[in-house]
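Take a look at this one; I'll ask things after.
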C-alpha cells in the first residue's frame, strides 16, 4: 500500500556532494533495486530514506505524505544495514525482536517470532548467543532477521546477502521475495549481484556518482542500457565495446568498425536512428552474444580473433579474444573446447549490437 | 555506511519544545550545582565585619575584592604573608607529573589487560581494582616508612610516587573499561602489520583514547590537587602544596575566622583545576573508533 | 606495490629450535611484553596496596596504640571496636551512605551526561559547572553546604523569609537525617565527574547501532535504556567502583559539614579510623576499622566485579 | 654548630601566628635558625598525624606541640630529647606553677616546655543584653539557670553554642567543674575513679548539662564556635561558654572586653576550680632512644621560658604565660582576670587539667569523654544513662 | 617459496568446537580457496593460521618451521579481515602503509606505495580520508590495500570482495591473481563466490562444520565432488539430486530412478564401481547439463517435465522443472524460449551423472 517518491534529493557531507538530485518513484508494492559502483551513494540514499541522515535538499514522500522531516522512528521503515549494526549487548533473539519489545509485544510471542525468523535463516541454534560470538555470515543473517520480523511500510536492504554462501543466498533471496510478495511492503534493495537484481527487482535504478543513470525494469536495463556506463555496469562479464563510425545516408547507412577497414560493414536498416554520416559511435556487444566459430547465416560483423586465454568458471567458459589491438571477452558454454593461441573466426550479430554516441556515451539505437 | 557519527543527533529530540525542556532541566541542575558556589562567591565579596554582623549568607551590601587580594598575595600562612600564590608552583610540579604518569600507566595497564588477555589478566585486574578501596589514613605510616626507606622521604618525588601509585587502580579501571569497547580486530590487524605491543599502544590505541584520557586527567589532577593527607605529611614549609597552604589559611580552630578570605582562597586554589577542565573539553570528541570494523 | 625490495627477513624463531622445549602453549614468552608493561604497576600495587594492607591487618591484631607495637592481642581490637556505639553508628551510616550516594550519583551523573550529549550549546562551560564541585577544596565547600543546609541560615530560612512559613529542611541538624544531608553534598561533589566519565563512554557508542534502534521504533528514552546504556556498561563499572571507593573514603566533607555531629550521628568509618589513629592513639583499633572497611568493600564489589570480568568481554 | 630547629605546629591563624613570630624573633636573635613547619587544622589533628608519620619515618621535627598525654607517650617510646641541663640551669622547677609539673615531666625529666596557658571553662556574655534584662553575670549554676529562664521568657537565646562534639565537651567539662568542684573533677577525669564517675554528683552534672540543652537555639548543630561568639557579639544570644581564645573574635568585632563583653569563669557551685591547658613544645630526636639534644633545641628550650618571650607571645595569642609572677599590665581585662584566677587556683590546688585540651591521661580517655558528652547532649538520654555510659566508656578506654 | 602445512588442527571456543581436525597442505606458491557454508569455521581457520587465535591442538608449519607458537607479528603474514578492522584514527594512506611505517620505510616511499596500491584499487582520491568517511566498498578496498602493499610469505583473504560491485570485483580479483603470480606468496582465500574460487584457486578446500569435506583442484572438485555436500555446495544453481537404485549385476548393472519405473534405466558399463544390486544411490546432475527438448542421440535418462517457472538472470535462463514429485533446475542459454506450464521432454545424459551412496552421501563413481 506504499508508494515511495523521492524528488530532487541532495545530500552533502561538508564539501563532498554525495547525492546530486536523485529522483525515484517506487510504485506500491514495488521492489526497487539500486545498482551502482562502490561509493556512488547507495547507502547514503537508503540512510536518507530511512531518516537517518538529513537530506540537504529535496523531498521524500510515502504515499502522499511528505516525510522529509519525519523522525526515523516514526517512518515505519525496516532496514538491513551494510555494517549490520547489531546490538552487541543483546542476544541474537533479542536483537531480532527488539522492535517488538519496543512495541510492547509479550515475551512469549516475541520468542516465537524470533524462532520462526531464525529458523528460516538457519540460525535458530544461535538465538542465545551474542553477536560477538557469531561468524560474519551469521551476523548478517541476524541483521536480516531483525528486518524480516517486522511488517513495515518500507523495507530497505543494504547488500544484505554479501557475506552468505551461494546456497544460503539463494534461499534467503527467495525468502525475501516471498516475504515481499506476502507482506507487499515496498522495498529498496542495494546489491552488487546482478542476478539478485534481476530476480528481485520490479524496478532498477542504476546509480553513478550520486545520480541516477537509468531507471527502469530489469529487462529494459539489460536490453536497452541508456548509456555506456549502464551497459558496462550491468552484465557480467561486462559488455565489450568497440569504436565505430556511421557511413552512408538514409536506408543505406552502415556501421563501420574503426581500424577494421577490411571488414564488411553492417547495414543499419532505416530505423530512424538519429545518426548522420561520420557520426562516431561506440559499439557494444555482450560477451555471451559473441559467436565463436563460423556462425550460422546471421547478419553481423565478422572478425578474425586470436584466443588469448580461456577461463573455466565451472558453469561457463570465459574466452579472452584479441582482435587487432582490441580485447574482447566471450562467454561460451562449457563444452566449447578452445585452445589458447589458435585463431578463430567470430561473429558479432547485428541484432545484438548496442550503439552509443562516442561523445555523450548515451544510447543511440537498436 | 557513510557515518553520521552522532548518535546524539539521532536520539536527541529535535522538536523545539523538547529542546526547551532540555535546557530547562540543565538549567535547574546547573542551579543546584551553582548554589554553593554562589554562596562562596558572595561571601568572598563581603567584608568580614558585614558577615559577622549581618549573618553568613546574604547579599553583599558592600562589595570588596580585598579578600581575593589578600588570599592571593597578602594573607599570612604560618609565618609567611604572601597569600597562596607561592604555593601553586609546588602543587603543579607534583600534580602534573603524577597525573600524566598515572594516566599513562593506567592506559598501558588497561591496554595490556584487555587486548592481551594473558592467563591471569582478570585476576590481576581484580587485584588492581581492590586497590581503590584502601583507606589511606590507615596506610600513612607504612607509606612514610617505605618512602623513607626508598630515600624519598620529604621529597616531591616521594609524593609523585605516592599519587601515581594510588591513582593507578582508578586510571587502570577507567582505561580497562574503555578499551573493552574498542574492537579487538584493529589490534589484531596491527599485529598482522608487524606492529609490536608498544607500537600498537602508541599508534593505534592512544589516538582513540582521548575522551577517557581526559577523564583520567581530570580525576587525577583534581584528586592530587586537593589531596591533603599525604601532602601535609610529606611536604613542609615553603614546599607545601596549595591545598596544605589553603588548609593552613582556612582551617584554624581557635583563631579568628575570616570567612570571606576562606572562600576567596579556596576559589583561587581551585582555579588551575578549572583551567584544566576547560582545556580538556576539546578532547571530548565523538566517534574516535567509528568506521573501524563492520558488524 | 613496487616494494618487493623492502622485504624484511623474517625474525628468527624466538625460542630457537622449535619444539625443543616442548610446546608450552601458555608460555610466558608470548605474553612477555604485556607482562613487562604491567609489571611496574603491579609491583607498586603489590607493595603499596597489598603490602600495606597486610601491615594494617597485622597492626589490627596488635596492641599498637600511638606507635606500632608488634605484640599480638588477637581479635581484641575488633571486639572493642564492635562494642563501641560510635563505630556502630559509623558502620550503619556507611551502609546507608554508600547505597544512597552510589545510586543517586550514578543517576544524576548519567542524566547530566545524557543531557550534555544532546549537542547542547555551551557544552564546555556547562561541563565545567558540573565539574567544579570536585575542584574546590571540600574543607571550604563543606562550610558552604553547612550554611545552605542549616535551617537558620540556608534554604529553610530563605524559603520562610520568602513567605513559605511551613517550609522545613533541617536534615543536617537532626541525628536521624543528617546522613542524607551529607549525601546531598557528596552527590553534588562527584556527580559532575561521573557525568564526564559517562560522557566519554557515550562518545564511543557506535552510531550505526543507535540508528538501528531508531528504525526499530525506539524513542530516545527507550534507545538510551535498552541500547546505549547497556553498551556503556563498562563505564558503569568504572563509576560504581569509583563511587564505592569514594563512599568509603568520604572524610573531609563530614568533618567540614557536621564535624561528625550532631553528636557523632554522621560519623563514618573513615572518620572513625582517622580519629582512632591520630587523635586517640588507638592505632590497633584504627587498623581494625580499616580492615573492616576493606572487607566491606570486598563484600559489595568483589562478587560483581568477578562476575563481570569472567564474562567474555571482547567484541 | 647546628643551631637550627624545625618546628612543627598548628598555630597558623592571626594571633597564634603572631605569637609564634615572637618566639621566632627571640630565637633568631640569639643565633637560632628557625625552620617553620606549620600544619593547621582540626585543633591539632593534622599536626599529630604529621608528627606521627614523620617521626616513625625517621624524620621527626626538632620541635612540635603534641598534647601533654601524647608527649608522655612519645617520651616513653624514646623520641624525646633530654633537656635536663637547660632546665637545671634556668631553674624551671621554680618558675613554673607546681600544678603543671606532672603533665610536663616524666620520671623527673622535662618532656615538654610550656608556652601558653589557656583556660577552657570561661564564660562570655553580652553586657548590653544582661543590662537590658536586669541581669548580672551569674556565679552559680542556679543563678545561671534563673538568668537563662528569664532570657528565654524575653525571647532571647540564653546560650550561644556550636553543636560540634568538642564544643559539647567543653560545655560538659565546665559543668563538671562547676557542679562537682575541682576535687571531684580530678577524681573523675584524672584518676578515673569509678565510684566518683558513678556518684550522685555526676548525676547532678548530667542534670545541669541537660538543662543547658534547653538554653540553646534550635539550629546550633554543627555551628562553628566563632559563629556562636558572633551571636553573643550581635546580641542574638546572651552567654557563651568557650575557651579564652574566644575573645579574639570579640575583639575583632570591635567590642571591648570587660565592657561590651563580660568575661568570667563558668558558673560554679563549689569554690575554686580552673580547667587549664598548657601548650607546650616537645623536642624530638630523629633516632629512637637517642636523647642528645641539639644545640638548637637547647637554645629554643631556653628561649621559650624567658619572661619577655612568654609575655610577648601570650599577649599575642590571648593566653596567659606559663611562667609565674610576670607583670601582665599590658594584657586585657579578661586576661588579667584569668591570670589572677590561675595563680589563685595554683595556690589552693584547684587547678585541673582540661580533658579537652589533652592534658589529662591518655588520648582515648579524652575521646571517650567527648563521645559521651556529645552523644548525651544530642539525644534524649537520661542523666542516669549518661552516668552509666560515661563510666563504662572510661573503664574501657584505659584498657 | 612458502609451503603451508596444517595438520590435526583443532579450535574450540569454550564448549563450541569450531574446527575439528583440519589437515591442509598448500604447496609453494599455491593459492588455496576455502569454500564452505556460513559459520563452518573459515574465518576461524584464517585467524589460527595468522596466529590471532591459539590452536587448541594441532600444528601449523611454514616450510619446515613449526609456527604454531610464533607470535602473529613474527609470522610475516598479511591478512584482509572479513570485518575490515581498519585503524579508525588513521587516514586511508596511513592505514595502507602502516606495515611499512612499522618497518621504518621512509615517508616518501610509503606515500608512493600508498598511491600505487590505491590507484590499482581506485581509491586514490580517498587517501586522506578517515575510514569513517568511506562507503562500505571503499573500506573493504582499504582493507585489501593494506594487505597488497606488503610482500609477505602468506596472504590471507577473508571474503575480500564481498562488498564490491561486479566490475571492481573482477578487476580486483585480477589484481590479486597478478600479484600472486608476481610475488609468489602462498595465499589462502575465503570466498562465497564460485567463480572467484574457480578462477583463483590452485587448490580448493571445501569445509563443512569445522572439517575439510574435500580438498583438491578446482576442476576435480567441480567434476568429481566427493560427497553430496560438496556437489550441492559447489556450482550455482546447485546440482539436482534424484534417488536411484542399482539393478542387475556385473556388466549388466543399470541405474533405475526411484519412482520412475516406466523410464528406461541406463546401463552402467563395467567400471568396477563398488555397487551391488539393490544399492540405494543418490543421482546428481548439474543444471546446465540437463538437456531440454529432444536431445540428440545421447545416452541418458529421458523424462517428461513440466515447466514451472522461468527466471531470466540476464545472461542465462533458469528453468524450474517439475518431474513427478521432484523439482529440477536447469540452466539454459538466454535464447531458449520456454513457456511456463508446458510439458517438455528432458534428457539427463549419462556421462553427466554423479552417483553417491544414499547412506554415506559419499561419491561412488563416474
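Going by the order they are written in, the chains are A, B, C, D and E; count residues from 1 in each one.
We take it that a residue touches a chain if its C-beta (ideal position, glycine included) is under 8 Å from a C-beta of that chain, and two chains touch if they have at least 3 such contacts.
Everything numeric here is computed off the predicted structure, so don't read it as measured data.
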{"item": "Minimal step count in the chain contact network, chain A to chain D", "value": "2"}
{"item": "Best-connected chain pair, where connection means C-beta pairs in contact", "value": "B-C"}
{"item": "Chain separated most widely from chain A, comparing mean CA positions", "value": "D"}
{"item": "Chain whose average C-alpha position is farthest from chain E's own", "value": "D"}
{"item": "Between chain D and chain C, distance of the C-alpha-averaged centres to the nearest whole Å", "value": "39"}
{"item": "Rounded Å distance, chain A centre to chain C centre (Cα mean)", "value": "56"}
{"item": "Multi-chain contact residues (two or more partners), chain E", "value": "71, 76, 83, 103, 133-136"}
{"item": "Junction residues of chain B, two or more chains touched", "value": "1-5, 10, 56, 140-141, 143, 183, 185, 196, 228, 247, 250-251, 287-290, 294-295"}
{"item": "Residues of chain D engaged with two or more neighbouring chains", "value": "42, 49, 52, 56"}
{"item": "Complex interface listing, chain B residues touching chain A", "value": "1-2, 4, 10, 14, 294-295"}
{"item": "Parts of chain C lying in touch with chain B, wherever the complex brings them together", "value": "26, 30-31, 33-35, 37-38, 40-42, 44-45, 47-53, 55-56, 68, 108, 111-112, 115-120, 123-141, 143-145, 147-148, 153-154, 157-158, 188, 191-193, 196-197, 199-211, 214, 220, 223-224, 228, 231-232, 234-235, 237-238, 241-242, 244-245, 248-249, 251-252, 269-270, 273-274, 277-278, 283, 286-287, 289-290, 293-294, 297-298, 301-302, 305-306, 309-310, 313-315"}
{"item": "In the complex, chain A residues that touch chain B", "value": "13, 18, 43-44, 47, 52-53, 71-72, 81-84, 86, 131, 136, 139-140, 158"}
{"item": "Chain B-touching residues of chain D, taken from the complex the two chains share", "value": "6, 8, 11-17, 20-21, 24, 35-44, 46, 49-50, 52-54, 56-59, 224, 226-227, 230, 233-234, 243, 245, 248-249, 252-254"}
{"item": "Interfacial residue positions of chain B with respect to chain C in the complex", "value": "1, 3-13, 19, 22-23, 25-26, 29-30, 32-37, 39-40, 43, 55-57, 105, 108-109, 111-114, 116-119, 121-122, 124-143, 146, 161-162, 164-166, 168-170, 172-174, 176-178, 180-185, 196-198, 201, 211-212, 214-215, 218-219, 222, 225-226, 228, 243, 246-247, 250-251, 259, 262-263, 265-267, 269-270, 273-274, 277-278, 281-282, 284-290"}
